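What follows is chain A paired twice: with chain B in the first complex and chain C in the second.
And then the complex of A and B:
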C-alpha cells in the first residue's frame, strides 16, 4: 500500500476520482443544484448580519463596511474551498466505527488522499460563490493601489488560507482515531476560526488573539494580507513583514498536522481494528 | 406518565459529560468572539449610548443569553422524529396509548430542563466572569425570565415538530434543514437583535411567532418590555403553535394510515 508513487501521479488519480464522484452527483441534477442553492441560502445569514450591523453602525473597530467585507470574502472563500477539498474527512469517524476505513486504506493513494477523496461534494461551492460576491462588493468599496507585490500576495493568501482550513478539518478526523468523545470542541477552531477571520484581529482580547495567531493561525490568513492590501497601519503595532508570516506558519501548522495524521494511522493499524 | 417521560429524558442528559464540556468550550469561545465584535461596533460611541435600544453592555448580555440558550431552546439540527419515521419506530409510538405530541413535548421539556443546568447556567456564568453583564433589575423580572424560557422551548419545539412532520412528506430533510436554520437562527433574533434590522424586516420579524424563542426572553431580562406584555405575547404564540402542530399532526396521521394500508 505504501509503494512509491510520485506526487504527480497521486494528484492525477485524485483528480480522476473527484471527476467520477462529480459525475455521480450530476446524475441527480435537481438534487445537485438544490444542494448548492441550499448551501448558498444557509450561509446568507452571515452576509445579512454584516450588512445589518453596518446599517446601525458606521465602523467596526475603526474599519468601514468595505474593509470588513474584504475580510469576510477572503475568509469565506478559503474556508469553503478548504472544506470542499476535505469533505471526506467528515466520514473518517463513522468509517472507523463501521469498519469501512480499512477499505479506504487499501486504495492506491496515500492514506490522507484516500480519506480526503472518499467523498466529494460540490455543495460548498454555494458558500464560495457567496464569498466571491462579498469580495467583489468589497473591491467596489475600498481603494487598493495595486502593485506587483500586492498581486503576488493574493494567490499566496488564498493558498495558505485554503491549506490552513484543510489542516483544521483534518485535525477533527485525527482525533477520531483515538476517541469519539468531545470531538465537537474542534468546531470552536474550524467554524469559530472562519468567523473570527472575518473581523479585524485587533478588536479581540489578548487571549483570543494569542490562540488565533499562534496556535491556530487563522489570524494570519486574512488580517495581515488585508492590512497590506489596504496599506493600513497595524493597530497591534506589528511590522510590515508580518504579512509573510502567514504562509510560513501555515506550512509549519500543516507539517504538524500531517505528522499527527501519520501517528493516527499508525495507532489505527496497531489496534488492529 | 408524561411527567415520568420528562424525568427520564432529564436524567439521560447527564450521561454525556465529555460532550457537555466540549459544548461549553465552544459556546464560550463563540461568546467571547461575538462580544468582542459587538463591543468593537461601539468603539466610536460614548459610554452608555444606545443604538436601536441596545447599549454596549446590553448587547453583550444579549450575546451571552443567546449562547446560554442555544442548547436548551435548540435553534437547529433536531431531526429525532424524522429518524423514527425512517426506522419505523414511529408506528410503535403512534400505537402507544398516549398523545403523540405530548409524548415528544414532555421528553423535550425534560431535556431542556437538564440542559439549562448543564449548559445554560455555566455558559452564562463564564460570560459574567469575562464581561460586565446586565442583570434583571427585580426579582419579578428574574421570575418572569424563568417562566419565559419554557415558553421559548415550547415554541421552538412546535417549530421543530412541524418541520419534522414536513420532512416526513419529503422523506429527506436536508432542504428543509436550511430553511429551519434561517427561520430559527435569524427570525428568533439569535443572529442579531431584531431591533437592528432595517424597518421592513424588523416589523415583519416582530409579528412572527419566532421571536418568542429568544428575543422576548432577552427583552424581559433586559427590561426592554413589560413583564405582562412579554409573557402574554409568548403565551399567545405558544397556544397558536401548539394548535398548528396538532392540526398538522392530524393530517400526517391520516397519511400514515394510508401508507400502512
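And then the complex of A and C:
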C-alpha cells in the first residue's frame, strides 16, 4: 500500500475503531449508561438556571425564554458533540508527558485523527441529549417561518459549531507540546465561550464581545444564525450577511489550529527512557 | 539501494531549566527552555541493506532510542538526513508507518482496556490489512509465539512476556518491510526471550524482513545479529561484523587446561606478552593468549612442560568483554 491514505479512508478507519471500542465499553453496560446519565445531570444546573432566570424576568435583552433556549440548545449540541469527537485530546497532555504519544506517531493515520481516536467515550451524549431536549422546547416556544435558506442554515450552523469546539479542544492539547502546566487557562475560552454562546451576545460588554466574536468566534455559531432564523434585527447593527461569517471564520480558525497542531508535532520531544 | 540510509544524523535536546507555575510556563513558552543543549545523537551515519538483521547497541543513554525515534518519524532531527524505504521519515511519517513495524520494549502498542485479539482487530483496520492476510498473519503469530492462550485476555492482565509477544504480533500484522525493535527482551525470562529470538530468526529468514534491534542483552546480539553498530555518547564507535569485532579487538581467547595433578608452580610466570596465565586453581589453569601472536597448539605445547595435561578447552572472547573494553577506550574506535 504505497498510496498515501485519503481523508475518506481515515474517517472510515476512525469510524471502525470507534465501533470496536464501543463494543468493548458495552461489556460494562451499567457503567456505560451511568456515564451518560451522569453527564446529563452535571449539565442540568445550566438549564435550571435558565428557567430560574425567566421566572424573574420576561425577557433578556429583548429575547424571550424560547429564543434564549434556542441559543442554549444549539450551543449545547455543538459543544457536546465537539467534545465527543475529540475525547482523545484530553489524553494528549498526559501522553506527551509520559512519552506514550510516541505510538500515535507510529501509525499510518494523521496524527490529529489518531490522537482524537486514542480515547473514545459516549458520555457526552448525555449533554447532547439535553441540548436536543432544550432545542425541542425552544421550537415549541418560538415561531420560525421556515424557508429553504433557513433550512440550509441549520446543518451549516451545527457543522461549524461542532468544528469550532473541536478546534478549541485541540488548542489545549497543542499547548501541551510546549509546556507541561498552565494549559488550563485555555479552558476558560472553551467553556466560557460555550457559556456565552448560550446568551444573546449583545447583552455583553464590548471587550467580551470582541473576544468571543473575533478571537474565539463562538458568537458566530449561535447568535447570528439564531437572529437569522428568528428574523430579529441585530441590536449590534451588523448586516444580514454576518450570518455567513460563521462557517468562514470557523474555517479560518480550524486552519490556524491545524497549523498549530503540526507545529506541535514537529516540536514533540518524546521522553528519555 | 540500502533500505535504511542514515547520513550525519544529529539530535539535540534543550536542557530544561525548571520553571514552575503559570508564569513559569508562559516564560518558557515565550523564551524557550534556555538551559543550553544536549546532544543525544551526534553525526550518526550508516546504511542497512534489505534483509539484514543489525544490532544497534550501546550503554544506557547512548542515543539508541533517540535514533530509532528519528527513523520512525517520531522525532524530527536537528540536522542530517535519513531515507527509510525511500521515504524521509519525518516528512512522510504516515506513509512510512505502513512499511515499518515498531516495538518498544518499555511501551506497548496495544490498548490496555481491550483484549489482545481486539487490539489486533483494531490494528488491522488502522493498517488496512486485508481480512485474509490478517488471518494468515494471526495464525502464524499464534503458532510461533503461542498467543492462543491469551488472545482473549485484556492487555492489562498480560504478563510482560505475553504482552511482548502480543506487541510483536501486532507490529507484524501489516507485513512491514522493516522492523524496529527497541529493547524487545528487556525484563523477560529466558524462555520468553528465547521464543522471541526464534521468532525473529524465522521472520528474517522467511520474509527477508529487515530488522534493526537495540538491546542491552548481548545474548540477543550473539543469537540474532551478524552485524552490529556500537554507539556511545551519541556517536558510532564501531560498525561491522560481530565476528570481526571479536577477532580483531576481542583478540584474547582463553585456554583452560586441566592437568592430571597440580602443575609446576613456575607456570604462573609462563609467557611474555603473547600470552599470560590469568588463574591457577589447583590442577586447572587459565591462560589468555592473543591469537594474532600465538596459536592454540603452540600455547598447549609450552604448557605441557609444566605437567601432564588431561583435558583442555578454548573460550572465545565474550562480546561483553569486547564492548566493555571498547567503552574503556582500550580499543581504538572506528573500523
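Keep in mind that, in the parts below, the second predicted complex is superposed on the first by the 265 of 273 C-alpha atoms of A that agree within 3 Å, B and C clash if a C-alpha of one lies under 4 Å from a C-alpha of the other, contacts with A are read in each partner's own complex, and residues count from 1 in each chain.
By definition in this document, a contact is a pair of C-beta atoms (placed from the backbone, for glycine too) under 8 Å apart; a residue touches a chain by one contact, two chains touch by 3 or more.
These numbers come from a predicted model, not from an experiment.
When the two structures are aligned on the shared chain, A:58 is found in touch with chain B, with no touch to chain C.
In the superposition on chain A, contact of A:109 is made with chain C only, not with chain B.
Of the two partner chains, chain B is the only one touched by A:196; chain C is not. When both complexes are overlaid on chain A, the residue A:215 reaches neither chain B nor chain C. Once the two complexes are overlaid on the shared chain, A:256 sits clear of chain B and of chain C alike.
Using the contact criterion defined above for the overlaid structures, shared-chain residue A:152 touches neither chain B nor chain C, since it reaches no partner. Legend: residue contacts after superposition of the two complexes on their common chain; A:185 is shown touching both chain B and chain C. When the shared chain is aligned, chain B comes close enough to touch A:44, but chain C does not. Once the two complexes are overlaid on chain A, the chain A residues touched by chain B in the first and by chain C in the second are 181-183, 185.
For chain A in complex with chain B, the residues that touch the partner chain are 34-35, 38-39, 41-42, 44-45, 48-49, 52-53, 55-62, 181-185, 187-188, 192, 195-196, 199-200, 203-205, 208.
Within the complex formed with chain A, the chain B residues making contact are 18-19, 21-23, 25-26, 29-30, 32-33, 36-37, 39-44, 51-52, 174-175, 177-179, 181-182, 185-186, 191-192, 196-198.
Against chain C, in their complex, chain A makes its touches with residues 1-2, 4-5, 9, 13, 16-17, 20-21, 24, 99-100, 102-103, 105-111, 175, 178-183, 185, 266, 268-270, 272-273. The touching residues of chain C, when paired with chain A in their complex, are 13, 20-22, 24-26, 28-29, 40, 61, 65-66, 69, 72-76, 90, 92-95, 97-98, 100, 102, 104, 106-107, 109, 111, 113-114, 118, 121-122, 125-128.
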